[in-house]
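Below, each structure is written out as structure tokens.
In the two assemblies presented below, chain A is common to both, partnered first by chain B and then by chain C.
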Partner chain A sequence: MAEIVIDGIPYSFEGKPKLLDFILSKNKDVPFFCYHPSMSAPANCRMCMVKVGQYVKNRETGDYELDDQGERRIRWFPKLQTSCNMDMMDDMIVHTHETDDLVKRAHKDTLEMILINHPLDCPICDQAGECPLQIQTYKYGPEGSRFEVKKQHKPKHVQLGPRVTLDAERCINCTRCTRFTDEISQSHQLTITRRGDKNHPTTAPGTVFDDPYSMNTIDLCPVGALTSTDFRFKARVWEMNQTPGLDITNGKGVNVDLWTRDNVVLRITPRHNPHVNEYWMTDKGRDAIHLYNEQRLSTPAIRLHPNDSSLVMTSWDNAYQTTQEIVESTDTKQILVLGSPYASVEENGAWMQFSESILKQSPSYTTHIEKESGDDFLLVDDQAPNTYGCELLGLKKRTKAAFKKAVAEAKVILSLHDDYIERGWLSEEEIKGKTWIYFGTNHTQMAKAATLTIPITCAVEHTASYVNVDQRIQRTYPAKETKYTNRRLDLEMSEGRLDRFGTKFDHWVNEDHKVDCKPLWEIVGDLSLLWGHTLSYRHGRDVLDALASNIPALEGVTYQAMDDQRGILLTSSETQEASS
Partner chain B sequence: MSDWTTYEPVLIPNIAGLDRLETYRKHGGYDALHAVLHDQNTWPDPASVVQEVKEANIRGRGGAGFNAGLKWSFMPPVDGGPRYLACNGDESEPGTFKDRKIFEYNPFLFIEGATIAAYAMSITSIYVYIRGEYRSWIHKMEKAVSDAYDAGLLGQNILGSDFSVDLVLHSGAGAYICGEETSLLESLEGKRGYPRVKPPFPAQRGLWGRPTTINNIETLSNVPGVIRNGADWFKSIGAESHPGPILYGISGHVNRPGVYELPSGMPVMTLIEEVAQGMRNGKKLKAIIPGGSSTPILPAKDLEDLTMDADALRGAGSMMGTAGMVVMDEDTDIVETLWRISKFYHHESCGQCTPCREGTGWLEKILEKVVTGQGTTRDLDLLLDITSQMEGRTICALADAAAWPVRYTISRFRDEFEARCKPSLIPVG
Partner chain C sequence: MSQKSSDNGASLSQNGTSAYTFTKEQLAEIEVLKTKYPEVQAVTLPVLWMAQDTFGHVDPEVQRLVAYTLDLPESHVHGVAEFYTQYFKTPKGKHVLDVCTCLSCHLCGGMDTLGYLENKLGIKAGETTPDGEFTLQEAECLGACGYAPMMQITNDVYVNHLTPEKVDQVLDQLASGDTPDFESIPMPLVSTTSNNEAAGGSDE
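On to the complex of A and B.
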């Protein structure tokens, strides 16, 4: 066991950790910009300086040499060292800025240097509020600048690719973005161009930065040099609520943060989970904001006459009663119930119970696996977030042919989420004359062709869990209010300053952004009452608890356990290895 | 050093047509390589060559002055994989123009030296990195290398032995930073010339992650002489702590500027007054920059009795550098000189590390202010403060190279700077 003394406190360590990693792991602060735990350390920002020395040992006896006061003699490194690329050694003595004025001075000096050509346009910069440069300047920087000459000008608002915009003047040349494309996404699309204080990242001439992971560079950028073309100038970070969630655009189950203001999801950023996605997410996953905000089904709608071209709004009561009438007037053998891998475990579970107890059948589902569409990083072949969840609940999997046959034989169809028309599995002709009750979130082609649409909450409006391709079950939190939920009453929802202090006279408080929809488990609970059943689920937790006591694979699965363990792996590692 | 007039040059001797292989061989060329490869009694193994070179104490001529043989001995044991020798002929330090004389007048001496070094370290490929602006010397070297290949002096089974090595010429693209040894490696690999973090040192992980030694052209050109005449012969030339012949590149306000091969430790005044035949137009000497623009400037009053070797120059507050001496007469505007030097380092900073990327530009801009009469005395203190923010805080030594001229020129010629500045009472703090 080797020993190291940091700011007078001894620590023991094993192996050869890097000094900065170790100091940070001890909850001590050392400022840095270019270092990132999952990439190489180029040591180019020169920010994480520390003073390093080693106890001197007598070469022959191996004893520590002592000075006049009887203290161990220390041989200091002649220069300050960057801690990010410093291998820890036995008997090392480290002084950080907390105990050494020279280190403190070095931090101040480096920040002064970084800031001389920085435009200092924090008031109009998207990064302000979550900017490492801003934060560290307040903590370690000089009080003012002695730079009284002309700043270096560099290109501004350069469209590097379809989703990333560069402001080269803000760039501090940490090379995190270029290292990301070299080491993580391996598209090698970015490089630094020009020399000295003129340098900045760029793509090769004639190419664009269209890496499917390009927007991770925006999160990595420690300043506002790389910004999201979509999110630019949309909101200040302190106006938004940050809610943990999941990426539901494919089966990987990437952990994300949902940034909302006034119940609109403005951006999605990756949330660190070492078991799933580390620090990264796909660009496609960030596009899901459109799915959550736009073209939402709100309020049930009904087609009054089979030949009507559109549906009209109706009340929830009427929608329920119409459903009851349709179901009761049809032989259950002619009813088809379809679950969906786009819906959560709880939704499919409640759906299955409703179906089994009232419609006397198990729902079936179809998978969305597109072979060869994934890579070996975060894009996977499975396009739906909960295929394993459906399998786990025992929903019947149908092939395209079996699905088409079942639809052809049915008179009444109750379906969840999936847009079979858009997918090309059904044409509008094929469902003419059938009664299709669609439980969905968005105005899909299926919703337009349906007889009755019942709006359900989407992944950012309820608490629910999803099982990813690696059979890890993870949960979401409600980030957006619906007409029937309230941030102040639902303790799982985050509440930002505007939510707390905004009024209806503010620009920021807008009832229009709340969708008139309900969680599926509430809807099936209300529906079952009409048949005299009581499937009383008020929360996803109720459904999960019921499922956990019935399904062996879900034994012991609770939201608390998912939070604690960053998701729960449902199969033991041995069986997983055997299957792979 | 009274016998410099009788000194017989060995690096660029006065022999016509030495750049032709047959002439070079007629004058003893390739004897050293032949001996190393075939004389089993004197040179039983490659390690004996390393030992002899180490003994000779050839201090690196590129500026750092590190014992070349010692550097060679850092190469790890042979493991069957490729090993490289990178020869630094980037010669980008302003005031330096010595290696091109070797390319021009004695290319085979260097090629022989590099081949011996390759043998001593079991190198499989030699890369020669030549300054891109040296177009005509690159052509000359291309011819020399192809002649050496044709004569079996490079390539497979050199001189009938079982030793084989390839030599590749690589032309730079005009970046000062690519003369720094690790960014030279990056450049050779086809990457952007960013210096690497050390450790790992090139001997452990150099070109393409393999053991690599980097030597200056002039350093390697001294190797055949050491092999032929022995380490003691080499050590008998010039200053004791920094022995051997040196190519002094004298430029500036002297009557006969040029490259002169003379023993190390030459008195500076002898070099100026006798070798370069005195100051131009009979002007008075004001200062010299002893070894390329990054070495601290020395005023004339410090030059009496000063000799050109690493220890004496360090004692005087400067460095040996590349021995490219810039001589300035009394009419020289020191302020403007410094501005020009700073402009160079600003232009050439690679931009990797913060203090150098930002500091070099800041230095230049303040000096521009001073030169144009806009400066204040506070600016001078600020300049000194900035240099202390740059020195020793970066990956490579370019920040130091940019900071030293500013620091030492201001501290040694402060009155001239102050004469150009308005007074200021605001502390720089």
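On to the complex of A and C.
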């Protein structure tokens, strides 16, 4: 076992870790900009300087040489070293800025150099508040600058691609973005152009930065140079809540952070999970903000007459009773119940129980797989987030032909989430004359064609779990309030500055951002009461506990365990290898 | 990523129909160059030179040709071409005059030389004469501080100790189709004996 002394404290280590990685893993701080744990370390920001030396050993005897005081003699490296690309060796002595004034001075001078051409307009910069340059300048920077002449001006608001806007002046040329396109997404679309004080990242002339992972460079950018075309100047970071969640736009189950303000999801950024997505996510996953905020079904709606062109709002009680009337007046053989891979394990589970106890049948589902749309990174063919969850619960899978046949034979259809019309599986003609009760989140074409729509909570409004394509079960947290939830009472919800100190009469609060919808397990609980059953679930946890005690694969699966292990792999690794 | 590389390939073949092409001989030469370096990326520099010698410049269209020929990302070739001032990213005149205005030359009259050339050619630094003969550029240090003020002719020969007369002479020479000869200027050396004595003295 090799040993290293950092700031006078000895640590033992194995292998050849990089020094910066190791120091950070010991909860010590070393400032850096260009280093990123999953990319190469070019050491071009020169910020992570440390003083490194080695104990001098007598070559013949192998003993440590001692100085006059009897201390081991240290041979310091001639200059300060960048710790990000420094391999650790046995008998190394490291002084960080905590114990060495020279290192402190180096940080100061490096920052003064970086800031020479960096605009000092943090108050109007989009990155302020989450800016490594701002934070590190505050912690390690000089009090002022000796640079008193005009700064170099570079192009501003350059549209690099459809989703990324560059402000070249703010760029400190850390090359994280170009390394991302070279090493991670491998589209090689970005490069650093010009030289000296005029350099900045750009695409080759005549090409656009349309990489399907392009927006990761925005998160990587340690300054406000690369910004999201969609999100820039929309909100300050300190006004938003950050809630962990999942990307539900495909089956990969990418871990994300949802940034909300006044119950609107303003942006989605990736959350580190080494088992699923590392630090990255797709651009498509970030577009889900529109799914969560816009075109939401709010308050049940009903088509009063089959020939009416639109649905009218109705009360929850009326919606429930209409459902009961429709179901009771129909032979159960003519009722079709459809689960959905777009809905969570809990929703499908509660749906299945409701269907089996009251409608005397098991729901079926259809998969939504678009061949060739995946790559071997984060895009997958499976467009739905919970296909394996449906399989796990034992829902019957129907092919397109079987599904169309079942719909044609049924008179009353209760369906969840899926938009069969948009997918091209059903036409509006085929639905005509049928009583379709749609439990969904958005004003999809399905909702427009339905007889009765009942709004349910979406992935950012409830706690529920999803099983991804690798059969890892992960869960979401509520990030947006509905009309029936309250941040202050629900301890799972985060509370931002505006939520904590504002009132609902403040001008920045809009009650309309809260959607009038309920979790599906509550709805089926209320519905089953009408038949005298009691399926009382108040929380996703109740459903999951009930499922875990019934389904062997879910044994021991709890929210706590999912949180602790960053999702639980439901199959052992051997069976997974066999299936792949 | 399989999907991406195929996308890339499609766009490259599109660029294959560029206004510029390498001849068969040049392509063979590029193949030889490739064997000299461990990675293809390194061949970017000599191939850009070859392109500049052939077409007179490496504008985006030429950069695309180089990227296509070497099967490298366009952005890489663009970044390399933009980094070096010796690669001409826009078409230039027949002769490119790089007048050094960095510190040593500046102190010895580099700006005067530049001003003289601007007046004489009737263009500003960075411009090309209407007849396409001369492009005048301001250059950073070219490493000839001992012979200041100086200029470089089309990435090639240095002309040193510039005076208005010498500039006139050089321009005439260039206009008549000649290039100035390389001048060997010996550096003034301190006498070796006195140097030895001084060194010996301090040692004792």
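Assume the second predicted complex is superposed on the first by the 579 of 580 C-alpha atoms of A that agree within 3 Å, B and C clash if a C-alpha of one lies under 4 Å from a C-alpha of the other, contacts with A are read in each partner's own complex, and residues count from 1 in each chain.
Heads up, the rule we're going with is that a residue touches a chain if its C-beta (ideal position, glycine included) is under 8 Å from a C-beta of that chain, and two chains touch if they have at least 3 such contacts.
Please read all numbers here as calculations on a predicted model, not as lab measurements.
Taken together in the superposed arrangement on chain A, chain B and chain C clash.
Of the two partner chains, chain C is the only one touched by A:F377; chain B is not.
Legend: residue contacts after superposition of the two complexes on their common chain; A:H107 is shown touching neither chain B nor chain C. By the touch criterion stated above, A:R170 is placed in contact with neither chain B nor chain C. When the shared chain is aligned, chain C comes close enough to touch A:T203, but chain B does not. Contacts of A:R146 after superposition: chain B is touched, whereas chain C is not reached. Within the superposed three-chain model, A:I192 lies in touch with chain B and with chain C [touch as defined at top]. More chain A residues lie in contact with B than with the other chain of the pair chain B and chain C.
When the two structures are aligned on the shared chain, A:L80 is found in touch with chain B, with no touch to chain C.
Counting contacts by the rule stated earlier, residues 191-192, 194-195 of chain A appear in both its interface with chain B and its interface with chain C. Per the touch definition, chain A reaches chain B in the complex via residues 42-47, 49, 78-80, 85, 106, 109-110, 112-114, 116-117, 146-147, 149-150, 152, 172-173, 191-192, 194-199. Chain contact summary for the complex, chain C toward chain A: residues 1-5, 8, 11, 60, 63-64, 67, 73-79, 82-83. Residues of chain A that touch chain C in their complex: 178, 181, 185-195, 202-207, 375-377. Contact residues on chain B toward chain A in their complex (touch as defined above): 175, 177, 192, 194, 197, 346-355, 357-362, 365-366, 368-369, 382, 385, 389, 392-395, 428.
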